[in-house]
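After this come two complexes, each holding chain A, first together with chain B and then together with chain C.
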Partner chain A sequence: MLVWTRTSRSVLVVLFVVVFGVIVVAPLAVIGLAAVAASWRGVLPGGLTGAHLAAATGGDALASALVSVQTALIASAGSVLLGGWAAFALHGSRGRIRRLADGLLHLPMAVPSVVVGLGLLVAFSHPPLLLNGTRWIVLIAHLVLVLPFSYSTVSAALERADPDIALVAACLGASPARVLLTVRLPLALPALAASAGLALALSMGELGATIMLYPPDWRTLPVGIFAQSDRGALFAASASTVVLLGLTLVGLLALNSVRTRAAER
Partner chain B sequence: MSVEAVTGAAQESPAVPAGTAPAAPARGTGRRAALWALPPLIVVADFFCYPLALVVAQSFIAETGGPTLAVWADVVTSPEFGAGVARTVLIAVGAAAGCALIGTFLALVVSFAPFPGVRLVSGLVAVLPAVPGFLIVLSFTFLYGSAGALNALLGGSLDFLYTPWGVLLAEITLFTPFVMRPLVAAFGQIPRARLDVAASLGARPWRVLWQVVLPEVRPALAAATCLVLLMAANEFGIVLFIGAKDVVTLPVLVYTWGIVTFDYPAACVVAVVNVVLSLLLYGVYRWVLSGRGKRRARVDED
Partner chain C sequence: MSAAPAIQLRGVGVDYGRKTALADLDLTVERGETLALLGPSGSGKSTALKAVAGFVRPSRGRVLLEGRDVTDLPPHQRGIGVVVQNYALFPHMSVAANVGFGLRARRAPRAEIRERVAEVLDLVGMSAFADRSPRQLSGGQQQRVAIARALAIRPAVLLLDEPLSALDAALREEMVGELLRLRAELPDTTIVHVTHDQSEALALAHRIAVMRDARLVDVGPAREMYRTPRTEFTAAFLGAANLLPVEVVEVDGEGGATVRLGDAIMRARVSGELDGRRRAVLGVRPQRVGVHAEGTGGLPARLLAAQWRGEVFRLDLRLDGAAHSGQEVRVRAEVASIEGLPPVGGRVALTVPDGCPLIADASPEEET
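After this line comes the complex of A and B, so read on.
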C-alpha cells in the first residue's frame, strides 16, 4: 500500500477530514442549520425556530414546491421515455449515422441552460407555435436539458449488458417485440430507474432556463428561492432549499427502491 | 441547472473504455436504427437545434430586419463582454485546477488510506451532484459572509465572498465530486500487487504515487478535469446568487441582457460566443474520453 506508517496515515486522515469537512459537510450542515435558525450573528445561530420551515411548507412556497414536483415528474418521465427509446433504438448499431445521432442526443448537455432558455424564447414567442408565457415552455426546457443524461445512462447500461441473453431468447424463437418486452426491457429496468432519478434531481434544481422562461403561474422552487435570496430573506431561502432537497431525496429513494428490487430479480 | 450536475451518466462512460464493450447483437444497419430513433431525435431537433439556430440567426439581424454585423461589433467591443469572457475563462480554469487537485487528494485518501466512516463519505459524495449550485452560495453567506460565522470567529472582516474568489470557491465545492468519484473508481482498478512490488523494489511512497499510481489514472483525471472546465464555464446559479456587480460571466450576461434589459440581439451574440466556447470544451472532453482512453486500453492489452 501507499501509506506505511501510523503517523503518516493519521496526518492524511486528519487533513482529509478538514478538507472534506470544509468543502462538503459544512455547506450542507449550514443550510440545515440556517433553515431552523432564529437569528445568526455569531459563530453559531442564536436560537432555533421552526417558523421558516413552516412558512416554506405553506402558501406561496408550497405552491412553488408543487410546481417543481410536477415539472420534475413530467420532465423525468418524458426524458426516460425518449432517452430510453433512443438508447434502445441505437443500441448495437455502428457507423456514421449512429455517431451523428449519438452526438445530437448528447449535445444539450454541453450548452449552458440559459442559452437553451433564450433559444426557446426566441423560437416560440410568436405563432405558429406560441409557447412563451405558458407552462409548456418550462416543461419543454426541462425535458431538453435532462434528456441527454437519461439517454446517456440507459445507453451506457445497454453497452455493458450481456447480449447473449437477448440472443438466446431470439434463438429460442421469440419475436423481436417479445424479446424487447420480456427480456431487454426488464433487464434495463435498473438503468431506467437510475436515469429517472438523475433526471428528477437535475430538474428539481434547474434554475438557468427556468428563470428565463417561467410564466407567473408556473414558478418553480429554485426561482422562488432566488427571489427570497435576492430580497435578503436568507433564512426563508434556506428553509425552501431544505424543502427542495427533501423532496428530491424522497424521489431518489423511491426510485432507488425500484432499482434494487429490479436488480434483485 | 445547465450541466451543473452531470452525475452518473458522464461518470459511467470512463468505466466503459470504448472498444472493449461486448459486441452487441447485429440488429440491422445503422440506418434502420436511426429510423427507429427518429421520434426522440425530432424532439431534440425541434426544441433544441431549431431554437439554437434561431439564436445564431437573430444575432445577425438588425432591428429593421436586414442582415447586419453591427450587433456583433457593438457587443464584442463593449467592456462588459470582454470582462465577461475573461471572467468566464479564468473562473473555469481555476475551478478545474482546484477540483483536480482537491479531488485527487480526497480520492487518494479514500482509496489508499481508508478509515472508519469512509462509506459515509462515499454516500455523501454520491448525493452531492443532486445539490443545486445556489445552495452552496446560500450556505457560504452564513459561513463566509461579512456577518457570517467565520468573521464572527476571527473577529475580523474577511470579505471575499462577493469577489471572483467567492465564485471560485463555490464552484470548487460544487464540482469536486465530479473528479473524486471517477478517480476513486480508477484507483480501485490498480492492482495492489503493483504498488507493493514498486515499494519492495525500494521506491518511496512519493515515487510510487508519481510513477505508478498517477500515470495509471491520468485519462480519468483528464476527462474529469475537462468536464469540470465545461460545467464551470456554463455555471449560472452560483454567479447569479452571488450577484456581485463586477463578477459577471457569459451565462449571467445572457440572462441580464435577455431578460433584464430585453436586448435580445445582444444576448444572442453572447449566447453564440458562450455556445462556441462550451462546444469547444465539450469536444475536448469527448476526445479525451474516447481517444486517449482507447490508446490507454491498447497499451494495457500489449
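After this line comes the complex of A and C, so read on.
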C-alpha cells in the first residue's frame, strides 16, 4: 500500500466515498426514489406510489423493454460471434494486415454513435440496400457499436492464453477444428461471456444512433426514456430507467455466472 | 521395424524475417536414442525441436521421421509426443481426460482409451490422481501428467522442451531419475531433450548436440563430449572448463601432446583438430585445478576471490605470466578446503594435471 499512516488512509477512504457517492450512488438513488414518488417538491418525495412502475411494466413501455432486450440479445450474440471469430482468426498474426484489421475493428469505438447512426442512415436509405425504416438498421447499428468491445475483450484474452496449449493439442493428433472446439473455445469461454456481458450492457443503454434510426415499431427503452423526459414526465422516465437497469442487471448476472463457472473449471 | 533413423534434419533452416533462428542444421537421431540439444538461450535448440514437431515451417531443408518426409505435414499428422516447459495441460479437463486427449482425437474405442490412460498413469505413478484437475497438482505431478499424455499415443518420437526448468532443484533431481527410469522402460522410443542444463544433458542423453548462435557446434556421445570436447565452446559450456592458453611443444601420433603453460610443461590429450597450430587451449575443469600455498611448486597465481559453496570452496584466480591475446588469464577452481592458503589478494601456486583435453585455439594464430 502506498499510503502508510492511518490518518492518510482515512482521508482517502472518505474522499473516495464522497466522490463515488455524489457521482454514482446519488443519481441512481434519486432515480430509484423518483420511480416511486407520488410528488416531489422538497428535499424528499412527498409520497410513494407504485403507479409509475406499473405503467413502466405494461403497455408501450413494456413493448419498448422487450424491443430493448431483443435488440441487446441479438447484438451481443452477433458481436460475440463476429468479434470472437475475428479475434480467433487474427490471433497470432502480425504485421500490416493485423494492424489494419485491428484499426478497422476498433473504428466504431473511436467515433461518436451519432456518426455511426448518420452513416448507416445515409448508406442504407437507397436501393438495393434499403433498410431505413426497418428494425434491421437498428440491429446493425447496435452490432457495429458493440463489436469493437467484444473483439478487444476476446482478443486480449487470447493474447494472454498459453500458446503451447493449442500446439500440444495439435501434436497429440487433434485437427485444427478439434483443437478449436475442444481446447481453444472452452478456454476462451470466460472471455466470450465477459464480452457478451459488455455488449449486452452497452446495447441496452444505446441511444445516440438508435434515436436517429428507429422505426415506430422498434422503439427501444432508452428512446422511450428520452421521449418521456423530453416531455417532462420525469417520474415515468425514472420508472422506465429502473426497469432498464433491472433487465440489464439480470442479463449481466446470468452471463457472469457462466463466466465464473467457466473460469473455475 | 524401419531401418531409417527416427529423425533426420537435412539442412533445416528457420528464418524469422531477417533473423536466422536456425542455420542449416544437419542432424540424425537413431531409433531408441536419447539426444540432448544443449545450448544457451537463443542458440536455436528450441527452434530445431519446433521444426521437428511441425510448430514452425522450415525456411529451407527437409525434416524426415523414420524416412518419411514430414516437412509439409501439420503437427497433428506427425504422431509425435511433446512435453513443453510449462507442461500446457488442458486446465478445463481432468488428469484422465488430458491423458486420453490424443487417443480421443484418434477416435480410439472407449475401452482402449480407458485401458491405455490407466496404463500410462501407472507408468508415471499418477494413477491416484486421475480424477483431479491439473490446478490441484504440484509442478512435478503436472510434469508427470504431461509425460503420460505424450506417451499415451505411443509416439515413436518424444520431444522434451526444457521439461525440468520450471521445477525446483530437489524436484529436478528426482525427475531426472524418473526420466531415466522411463527411458529404460521405453527402449524403442526416440527422445530429443532440449535443455540449457549440462548436468541434465549428461545424465539423460546418449548423445549431446551443442548449439550456439543458431548453429550446431558439436555433436557426439555424452561422455566423449565431456571428456574430449572438440571446441572451446563445448568445453566451456559442458562442464564449465577453464580455457588456458598453451603453446604446443610436440604432438605425438597417438593423440597425445606436450604443451607449455607459463613455465610448466605438461602432457595433454589432443581433442579435435589442431591443424598444425602452435597455440591451443587446455580445457581444465575447476575440480581438476590444484591450489597450493606459494612456494610449493606450480604456476604462480593470485587469489582474487573465494566463495564457500557448502561442499566446496569456489576460488577465482589470476594466472601470472600467461597472458592470452593481451588478456589476463583467469582460472576458476573448486577445492574442498582452503586451509594453508593465503587470504584473498595473496599469492598461490596452481597445478594442472596431465591428460587434460587440448583444443585448437579459435583466435587467429599470431605471427612469431
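Worth pointing out:
One rule holds for everything that comes next: the second predicted complex is superposed on the first by the 253 of 265 C-alpha atoms of A that agree within 3 Å, B and C clash if a C-alpha of one lies under 4 Å from a C-alpha of the other, contacts with A are read in each partner's own complex, and residues count from 1 in each chain.
In the analysis below, a contact is a pair of C-beta atoms (placed from the backbone, for glycine too) under 8 Å apart; a residue touches a chain by one contact, two chains touch by 3 or more.
Please read these numbers as outputs of a predicted model, since none were measured by experiment.
Contacts of A:38 after superposition on the shared chain: neither chain B nor chain C is touched.
Of the two partner chains placed by superposition, A:14 touches none, neither chain B nor chain C.
In the superposition on chain A, contact of A:253 is made with neither chain B nor chain C. With both complexes placed on chain A, chain A has more residues touched by B than by the other of chain B and chain C.
When both complexes are overlaid on chain A, the residue A:167 reaches chain B and chain C alike.
In the overlay built on the shared chain, the residue A:54 is in contact with neither chain B nor chain C. In the overlay built on the shared chain, the residue A:175 is in contact with chain C alone; chain B does not reach it.
In the superposition on chain A, the residues of chain A touched by chain B in one structure and by chain C in the other are 162, 167, 170.
Against chain A, in their complex, chain C makes its touches with residues 53-55, 74-76, 78-82, 84-86, 88, 90-92, 101-102, 105-106, 133, 149-150, 153.
Residues of chain A that touch chain C in their complex: 162, 164-165, 167-176, 178-179, 182-183, 186-187, 262, 265. Interface of chain A with chain B (complex): residues 1-4, 8-9, 12-13, 15-16, 19-20, 23-28, 30-31, 33-34, 40-44, 82-83, 85-86, 88-98, 101, 104-105, 107-116, 118-124, 140, 143-153, 156-160, 162-163, 166-167, 170, 194-195, 198, 201-209, 211-212, 222, 225-226, 229-230, 234, 237-238, 241, 244-245, 248-249, 252. Residues 1-10, 12-13, 16, 21-34, 36-37, 39-41, 43-45, 47-52, 54-55, 58, 102, 105-106, 108-110, 112-113, 115, 121, 124-125, 127-143, 147, 149, 152-153, 172-173, 176-177, 192, 195-196, 199, 205, 208-209, 213, 230, 233-234, 236-237, 240-241, 243, 250-252, 254-255, 258-259, 264, 267-268, 271, 274-275, 278-279, 281-282 of chain B are the ones touching chain A in the complex.
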